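See structure below.
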Amino acid sequence: MQGSLIDSLARQGITRRAFLKYCAMLASMMALPPSAGRAMAEAMATARRPSVIWLPFQECTGCTESITRSHSPSIEGMIFDLISLDYQETLMAAAGHQAEEALHATMKSNHGKYLLIVDGSIPLGMNGAYSCIAGRSNVDLLKETASGAAAIVAMGSCASYGGIPKANPNPTGAVSVSDLVKDKPIVNIPGCPPIPVVMTGVLAHYLTFGALPELDAKGRPKAFFGETIHDRCYRRPFYDQGKFAKTFDDEGARRGWCLFELGCKGPVTYNACATVKWNGGTSWPVESGHGCLGCSEPDFWDGGSFYKALSMPADPLKLGGAAAVAGAAAGVAVSVANRVKKGAAKASHEKATLADLEK
Amino acid sequence: MDALQFLTWVRGPGLDIAVGIFVLGVLWRLIEIYTLGRKPDLAEARHAAGASGWHTVFRRSLPPPGMMKRSPVSYIGGYIFHVGLAIIVFLFAPHILLITNLTGLSWPGLPSQFVDLVTVVTMAAMIVVLVDRINKPAKRFLSTFEDWFTWAVTFLPVLTGWMAVQHLLLPYTLMLAIHILTVEILLIVLPFTKLFHAFTLIGSRWYNGRVNGQRGVPV
Amino acid sequence: MSASLEKGIHALKEVIDAPIASYFNSCVHCGLCAEACLFYLETGDPKYTPIHKLEPLRRVYEQEYTLLGRLKKWTGLSKPVTDDELDQWQELVYDSCTMCGRCSLVCPVGNDIVYMVRKLREGMAVSGHVPDGIKGAAKRTVEIGGPMGLKWPAVANVIKKAEEATGLTIPVDQAGADYLVLLSSMEIVNFPEYLEALAKIFNKAGITFTLASDAFEATNAGIQIGNSDLARVIVSRIVDAAERLKVNNVLSPECGHAYMAVRWEGPNLIGRPYSFKVVHVLELLDELRQKGVLKVKDKFKEKLILHDPCQIVRRGGVLNAPEPLVQMVAENYIPVADKQMWNWCCGGGGGASAIHTEEAEALRAKAFGIKKRQIEDAGVKTMVTFCANCRIVMEEAIDHYEMDTQLLGLTELLAEHLED
């Protein structure tokens, strides 16, 4: 296995063996056969670096941070060596007109072949004026850029589902990529932020097989979003035994019992946190003692308090008082009508005689 | 509407509406029924009525002599599914949590594997009782649409709850939402069908027990 | 004549009360009441399921006294109760229900079904759906004085004979006596020994008693028909006589429904509590037994079983008096499995025995099957009871099945074996 990638990795202290191991890990996470790891490594090592345009819209840069930031050079970071990231505002050295030129040059020369990554939602309110780049609204930019893209990766919950900007009452009229683009293959990688390895896995798959991985009904790669946090959670046995932490500092919490009662959204959240973990496999929210927020699910922000247990309704007794009054009123009304009717029947009682037995 | 939005709706406005109709219906029906009045019994009682009404409320939970033999399925099946429902509703940890959040009352639950087993047994008992309703001439003769309907309305929450926990057929989120929806249907239907016996049974047994208790017959 | 569907519905509207509302709302259609009904058990026909017999009452309740039912009636969605339907129900409410009340004991939700049958009969009566046989009995009771058309001279005759047989005076219309003794026509005609037995026992116990020439009949076809107005007319005769003669107690005869009429329905019919007590003859006898007044000179030797009449035991509450009395007089008393409040009806109570259509008689014979098995399983040739109606009904059935069982009245049996 040779190539410029291997050399460049070697320069950054990543051995060929480590790279192979990484590819095998990706393959296994994506439920591909073991041989796919090697195929992936070879494909990536020799691949022509595809051109990638990364458009940031109404976002917080958390997605970019998640993927690029690490204490030491990581393979996730190095994955950028695999692609020709021709436009990424946060990472690119160019700015202003230079940057715009780079964008347009890439779109032109790679028309129909480049990969478009989007993070952030797209505001439609006030004709898109809430978020503009170089004087053009996000929605315009997306439509233009998407038209020449081979495929689109919606990075993070905002691009995938609208995310926090779309939270009720959605002042900017934010929508997701898939709300606007209907004619291109789109892969959603939700999460706030998404897990780095999920993104690199999708890219590796794209590089190796030339296509996006298999997606679920919500456009997410099945390999990473096939199971809930709850299904794979290491605290699941406590749930099954009915052992729950009641507060964040009680005995149950110290013993690492299930956080369901503290509002963990793990049972309704499809993501790979419980298996992949964060920060190079160091930990993840539930392991650090906090329930899952469900950040990779659509509208997670509007799903009620993060600290309200899933089985807990929003406020079912809200109408209870009014209902009780209405029910009592209805009951009393029927009761009065009944008593009047029965009283009238009794009052008009005709004493029966033997003659009344015959028709 | 996706699954989480659906779940959010059934947990929010949907449950508000269902609980509202339930509370409204129960109060309305109870008042409608028990204010119809009755004449005092002027015959000199053999024994003071005392607690005879309450005795019957409890005594009638046991099969009368010979009846277990005549209709074992009604009694055994009936016990299993009523007790099973009570265990599932009141001793499954997530359900206790719901009650705790609503009322502040809390008690220890049972391990979910055990509740799981109870659920399967309860569903089996309900199916057996249904088959018995089809097979027994008197039961079949008495059955109306309401009987089949209320059976389904009672069975569905158990089935969907179990399927949600077991991750069967549909994703958990959707199944949980459907589960809550079926519970809401049950709540709405309860005051207006024979399921209302859950409330009136106490009154009925009490009246019967008291009237006959005064005559000296411990019914 | 003036019976009509409207009158029937009107009557039902008058009698539907909170217990009935509670009962109908509690019914889960479990059908267990059928398992307590001898007509269902012996025929296997599900139309005899007790709660089904109340369907017209249920519908009137729903349509008149529930909001949803009223709406349904108003919008024309509910099925009104029709005259034809009541006609069809006559068989279910009278022929195949003896008001034995066993269903009220087994209903798992606690419904007092027999209570509701009694109320439904109010509507059946004034809508003209009472079987002719019971109607005739009621007519004779109101117009002549007793269901069999007996008049005082016939009773006087029996009294005279009893006086001759016992050598004791049997007082009539004597004020201030302890007990006003009531009879049932059936006893006067078929079992005149009853009065002799009583006279001897009273004499021995030193209790004063009297008969009333204007109130000797204890039975009340009014409650069997289910019409409170007629029942009141009949029961008032007894109340008036008891109050006129200032007796402390009224002694109800062995007859089952007479006890129900005088003891439990009477005060409610006249709308006030009595100024006297109503005692069933067995209650009195058991009291005398406990006091040691009642002693037997010898015992009945053959094996026998006891038939507990529904209206006296299960529905009347005379639970514990009969058995010790039987044990006192019988050497080989065999208790049956379903005894006391769990007894099985003779098949002809509640007025059913007065219905003489072919179908009704065939049905009664069939319903006797359960009793027949009881007799056969016990292997006895003698059955004792303490209700003249049960006795007649079962004698007819015994003839029908050509069995060689003899029936005895308990009071009579006791009298035969008492010390002189």
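The first chain written gets the first letter, and so on, giving A, B and C; residue counts start at 1 in each chain.
Keep in mind that, in the parts below, a contact is a pair of C-beta atoms (placed from the backbone, for glycine too) under 8 Å apart; a residue touches a chain by one contact, two chains touch by 3 or more.
Since this is a predicted model, take the numbers as computed values, not measurements.
Across the two candidate interfaces, A-C and B-C, the one carrying more C-beta contacts is B-C. Distance from per-chain Cα centroids to the pooled protein Cα centroid is smallest for B.
Averaged C-alpha coordinates give centres for chain A and chain B that are 40 Å from one another.
The geometric centre of chain A is 77 Å away from that of chain C, both derived from CA atoms. The geometric centre of chain B is 38 Å away from that of chain C, both derived from CA atoms. In chain B, the residues that reach two or more other chains under the touch definition are 28-29, 32, 35-37.
Contact with two or more other chains is made by residues 16, 65-67 of chain C. Multi-chain contact residues of chain A (touching two or more other chains) are listed as 330, 334, 338, 342.
The touching residues of chain C, counted against chain A in their complex, run 1-4, 7, 10, 13-14, 16, 64-67, 70, 125-126, 128, 130, 135, 138-139, 142-143, 225, 227, 229-230. Within the complex formed with chain A, the chain B residues making contact are 2-5, 7-8, 11-13, 15-32, 35-37, 93-95, 97-98, 101-102, 108-113, 167, 171-173, 176, 180.
Considering their complex, residues 330, 333-334, 337-338, 341-342, 345-346, 348-359 of chain A touch chain C. Residues of chain B that touch chain C in their complex: 28-29, 32-39, 41-44, 46, 56-57, 60, 64-67, 70-71, 74, 78, 136-144, 147, 192, 194, 196-197, 200-201, 203-209, 211-212, 215-219.
The touching residues of chain C, counted against chain B in their complex, run 16-23, 25-32, 34-36, 40, 44, 46-47, 49, 51-52, 65-68, 104-112, 115, 263-268, 271-274, 277, 314-319, 337-338, 341-342.
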